[in-house]
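Take a look at the structures below.
Below are two complexes that have subunit A in common, paired first with subunit B and then with subunit C.
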Partner chain A sequence: MRSQQKQFFERSDGRTLKKWQIRKTGWVYLIPAWLLLLAIVLVPMFFSFTSSFSDANLMNSDSQFIGFDNYNQIFKDSLFWEATRTTVIISGMSLLIQIPLGFFLAVLLNMELRGTALLRSGILMPLLLTPVAVGLMWRLMMNIDNGVINGTLHMFGLPAIDWLGDRNSAILSVILVDSWQNTAFVMLLLLAGLQNIPASPIEAAKVDGASTFQVYRHVILPLLAPVALVVVMIRIIESIKLFDFIYILTSGGPGTATQNISLLDFRYGFTFLQTAQAAALGIIITLSLTPMYLLWRRANRI
Partner chain B sequence: MNKSKLARFSAFIVLLFFFIGSLFPIYWTLLTSLRDRLDIFAKVPKFFGGNLTLENYRSVISDETFISSLKNSVFITVLATFVSVLVGSLAAYALARNGRFKSRRPFESWMILLRALPGIVLAVPLYQMVVKLGLYDNSWALVICYAAINLPYSVWLMVGFIQGIPIEIEESAQIDGASQFRILTRIILPLVRSGLGATTIFVAMLSWNEYLLPLILADEGSKTLPVYVGGFVTSRTIDYGAMAAAACLCIIPIALVTLLVQKQLIRGLSLGAVKE
Partner chain C sequence: MKAISKRGLWSSKKLIAAVSLLTIAALTVPGVSATAAQKPSSITVFLIPSPTADAIKARIPEFEKQSGIKVKTVDTPYDSAHQKMLLSFQSKKGSYDVVQFDNPYLAPFASQNALASLDSFIKASKTYDIKDFVKPLQEYGKYSGKTYGLNLSTEPLILWYRTDIYSKLGLNVPKTWAQYLENAQKIQQSGEADGQVIANNSSVNSWWWLQFVWSFGGDLTNASGKVIVNNSAAVQATNYMKSLLAVSPKSAITANGDDATTLFTTQNIGQMINYSGYAPVILDPKTSKSAANIAAAPIPVGKSDITELTGWNIGIPADSKKKEAAWQFLDWLLSKENTPKLMEAGAAAIGRTSIVKNPAILKASPYIAVLGPASVSGRRLPALTTWGQISFEIGTNVQDILTDKTTTKAGLDKLAAQLTKTMKKK
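For the complex of A and B:
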């Protein structure tokens, strides 16, 4: 076996035959994936790009080149700025709730108490549910007249809250539901991160007389930072992508209070039927993701 | 009770609190789906019991649109998952085995972009293309679209799992004269099957839950379950009992999968970070 392996190395100009082969043929394995990408991503994005400079809408098919008019119109549209603000608020508030809470739960689960495996399964459950069903569930519970939340408030003699009908409480409701579903994701990844931290630096710190708080602050948190960065990145991206459950829960309402950038793009395209404008907004969203994209490249994989 | 016992006890109580908070909405929806109008509209909520009935389920299941949506969902989920995992695994093999070919970097870039892009950005041009090609409301078009948008998950998960297999195994197989394709199908795939299972389950869950694409690219003919279920809120008077029943029917497969293969699903969800 050993002698055979030697021959094998000799025959392939200093490198192993294996590496030499895949270097030449690796791209073949990517052909089906490229074909899928071409049909569903590259061509549509190119199509979007060209039509964003035209006056196309769902009614007329022979469109004309109108330069940056669509972009100008979007930047002049107060709906666009409102949607941007809503997206930032939802992203920011969700992070502020989900990151600390997810970390807290991960630390508790990492204590590996008896019976917590079952508790963990339960806490993960919302993460797996169809977002549309999540929207329905909370719409059922947040209903102003016969929802269980207001019913419970009523039992304790508290006034009813218009969870979905008031501008401010509607956006809080969206953040609440998002956190209900997605805090478990933060918890799961941070828990994996905690479990991957080697025991030796923690023990060394304890031997040196560090308190539990000091161990977390100076040993565990710095070691967890790379995972935490990935989690923050994914959560920001997901909150920009947010569509399904908001569409069911509030449809962007009341008025346009919970209309984020994804919902606005949907409105442009399928309510106002301004296809070219929707395409232009799509290009704006794609470009605005550039920092996220670069960060992701640097974070390598995941 | 000493200090550390107290800490453990309070940790348990806090986790229990979040456990109940996580499950209550599901419990409440299930309970609502089993109730008649009288109990649903009770001013003081009944947290247990009452008159339980299967009437809501009967009315949903007897709806022809529900049955066709269920069929479409199963058909599209199964095929899209198959295509996505197959195509993703092939690409992942080349990426995992340090191939330094030219198309590598652009491919990775497109994977990241696709992962980050909101669905609606693609859905707008896809709608126009699908209409032009006469593929509007076509299940096969949805299969291809689902397979493509879930490709980043298939590829990244499989790259991680394939990298977990020692390359020496492949090298010795190569010495024995096996072709690259044979190595992939006879050695890598059997070794990576638990990872393959985790990827398949995760991508199937994503496909089952997908809402935006079928909402835009399909009508009655290839309506999927999430779109059917979502339809309950757009009607003027909401039938809460039936709506809850429909929501439950949509999440039952996921609940079953969670109970049966939770570890696999967690591996997928945590992007391979949690091994167990």
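For the complex of A and C:
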């Protein structure tokens, strides 16, 4: 170990570097990355933050400081609470579908049965599509008059479902489409987790007479928990950010039935032209995601 | 030195005065000054992808050849185009010299002095001829009495109907909304087709709803500015819209204007209220299975004969540094003489009187005849800076009523409360 450290401090010309010199060199190497981060993340975030305390909008370039007025208005806006409720429903229901289904598919692929490669490609296909294409495709498929889904239901003598026109079906449609596209992502991470579990504890449990269910319940699931936690965090963050395919699929309708918090933020900024209010909601969304991020960081350290 | 006679001196003074006057005139009359003095080599035109934008691009080479001015175009999709323009106007860098925009954005643009007034250009032009437009179309690009946008297209709501279904069922072209509903019910009951279709999607239904409200004698506000979207006229209009749903294809509740057109052109639907701008899709046999059996007529009337007018505007940003060249382009593109050429290149129809009464154009596109009466009774969407939010609030509340989440009166009361608050915003 000592010799390794010595090599690290030693330059190719034989001169040794002091610790502060190494640190300084490290910082120099990081400068381009920091500049990029500053330009595309930190500066816009700073402007967004300061803008959230102003009355700036797209029709007024001379803005005034108005304190927490934008935040107050958002918390008083019934649209915000409706959108929050919709976001929680979509996130919760999507997780309830995606995690078990993703785990089931991961287990199936981990068994490496015949046709696994084909199955894996098929499952991963939706993940490769852009959300806008997904929205357009499902919008056509879910059309009550001439969509392929109701056509299939009709073939089996089942009644047509108004997938996008009924308030409850519309939110279910959003959850189903989100799950169709993103279960593959859950599966992929859980599969990686499953493949990293050492064989010895599983074999030991089997030798001790544990059933397959018991092996999963007491050995595999606890060992998979850190990965699962990361997956849950990522999916919660992603489902809160969900925007593009909802915009295409339902435009937040009928009424505001499927308008989630990200779509509302878009409306504030680009329909109502109230950019400062949109910035304030952006800050609220970021702050609400912070606990998820911290949990994710913690899970990563496990 | 030759003495200057009194008469000669006087003549010299007159000459100097005349030259001075001409110089002042040349510097003040737009379209004459800078074009002669310093002709810019290029202008940038902001376009929103549409058949009209494609037609403009097709006409550009001819303008470049005639004027020596290069025209660069920038395309931005509709969903983000107006926001991009607003951001550009705020920066005041003169990024664009000509901008295509949708009429509801006239108020947000003009209220922040982002567009140049075109009145002096129009007045000085020998080729534009504003009098070739009927009064509502002359007013179409105005905000607070000044013209900020030229008419790039004229797209009123009109009635599209299937002549084969009408003739089979012995129906007449409806003159009133009651007759329109009656026709729709007869078509639905016959089993031949769905009765009718309009757009009910919350993102756009405000446009159709407002037409019905106007037809039933209502409005957004009364003369004193009080919001009246929950009065009896608005209730009747909303209930009428709801009664149309019963004789529509089921997907009409989620249909926007494009979807309604697709339904009408691909399925059996007897009639549709939609904008004239959809004509190229509706009347093209490649995109419309019943193109040969589709005709157009003015929309039915109710207590009032108002017809909702929509259509593209085109104008010059206030921060453009090449306004004269920009006007030169617009004046050439949309002159009375060149407008038919723009339409030949695929642009949506422009409701000049010389167009809607031109026998050759009417022979090729009979539906254009409808634009004449529709424009005479035309009214554009309200020129309000908060129209985006107002349209959203109408759209979502009306759809709540249409999907039975709430009753008509309760839904409209909620809408009235929201609009009262929104209209107080700057």
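Following the convention adopted for this analysis, the second predicted complex is superposed on the first by the 277 of 302 C-alpha atoms of A that agree within 3 Å, B and C clash if a C-alpha of one lies under 4 Å from a C-alpha of the other, contacts with A are read in each partner's own complex, and residues count from 1 in each chain.
By our rule, a residue touches a chain if its C-beta (ideal position, glycine included) is under 8 Å from a C-beta of that chain, and two chains touch if they have at least 3 such contacts.
Source: prediction; values computed, not measured.
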Subunit B versus subunit C as contact partner of A:Gly252, first or second or both or neither: second
Which of subunit B and subunit C A:Thr271 touches, first, second, both or neither: second
First, second, both or neither for A:Asn146, with subunit B first and subunit C second: both
Which of subunit B and subunit C A:Gly282 touches, first, second, both or neither: first
Contacts of A:Lys76 with subunit B and subunit C, given as first, second, both or neither: neither
Dominant toucher of subunit A (residue count), subunit B or subunit C: B
Which superposed partner A:Arg298 touches (first subunit B, second subunit C, both, neither): neither
Common interface residues of subunit A - those touching subunit B in one complex and subunit C in the other: 143, 146, 269-270
Residues of subunit C defined as touching subunit A within the complex: 79-80, 83, 86-87, 90, 108, 111-112, 201-203, 249-251, 253-254, 256, 263, 266-267, 385-386, 388-389, 391-392, 396-397, 399-400, 402-403, 405, 426
Of subunit A, residues touching subunit B in the complex: 1, 4-5, 8, 16-19, 21-30, 32-34, 36-37, 39-45, 47-48, 51, 105, 108-109, 111, 113, 115-116, 118-119, 121-141, 143, 146, 148, 151-152, 154-155, 180, 184-185, 188-189, 191-193, 195-196, 227, 237, 240-241, 243-244, 247-248, 261-262, 265-266, 269-270, 275, 278-279, 282, 285-286, 289, 292-293, 296-297, 301-302
For the subunit B and subunit A complex, residues of the former touching the latter: 8, 11-12, 14-16, 18-19, 21-23, 25-26, 28-29, 32, 40-45, 83, 86-88, 90-91, 93-94, 97-104, 107-110, 112-129, 144-145, 147-149, 151, 155-156, 159-160, 167, 170-172, 174-175, 180, 205, 208-209, 211-212, 216, 226-227, 229-230, 232-233, 240, 243-244, 246-248, 250-251, 254-255, 257-258, 262, 265-266, 269-271, 273-274
Subunit A residues touching subunit C - in the complex, by the definition given at the top: 58-61, 143-146, 160, 162, 164-167, 250-256, 267, 269-274
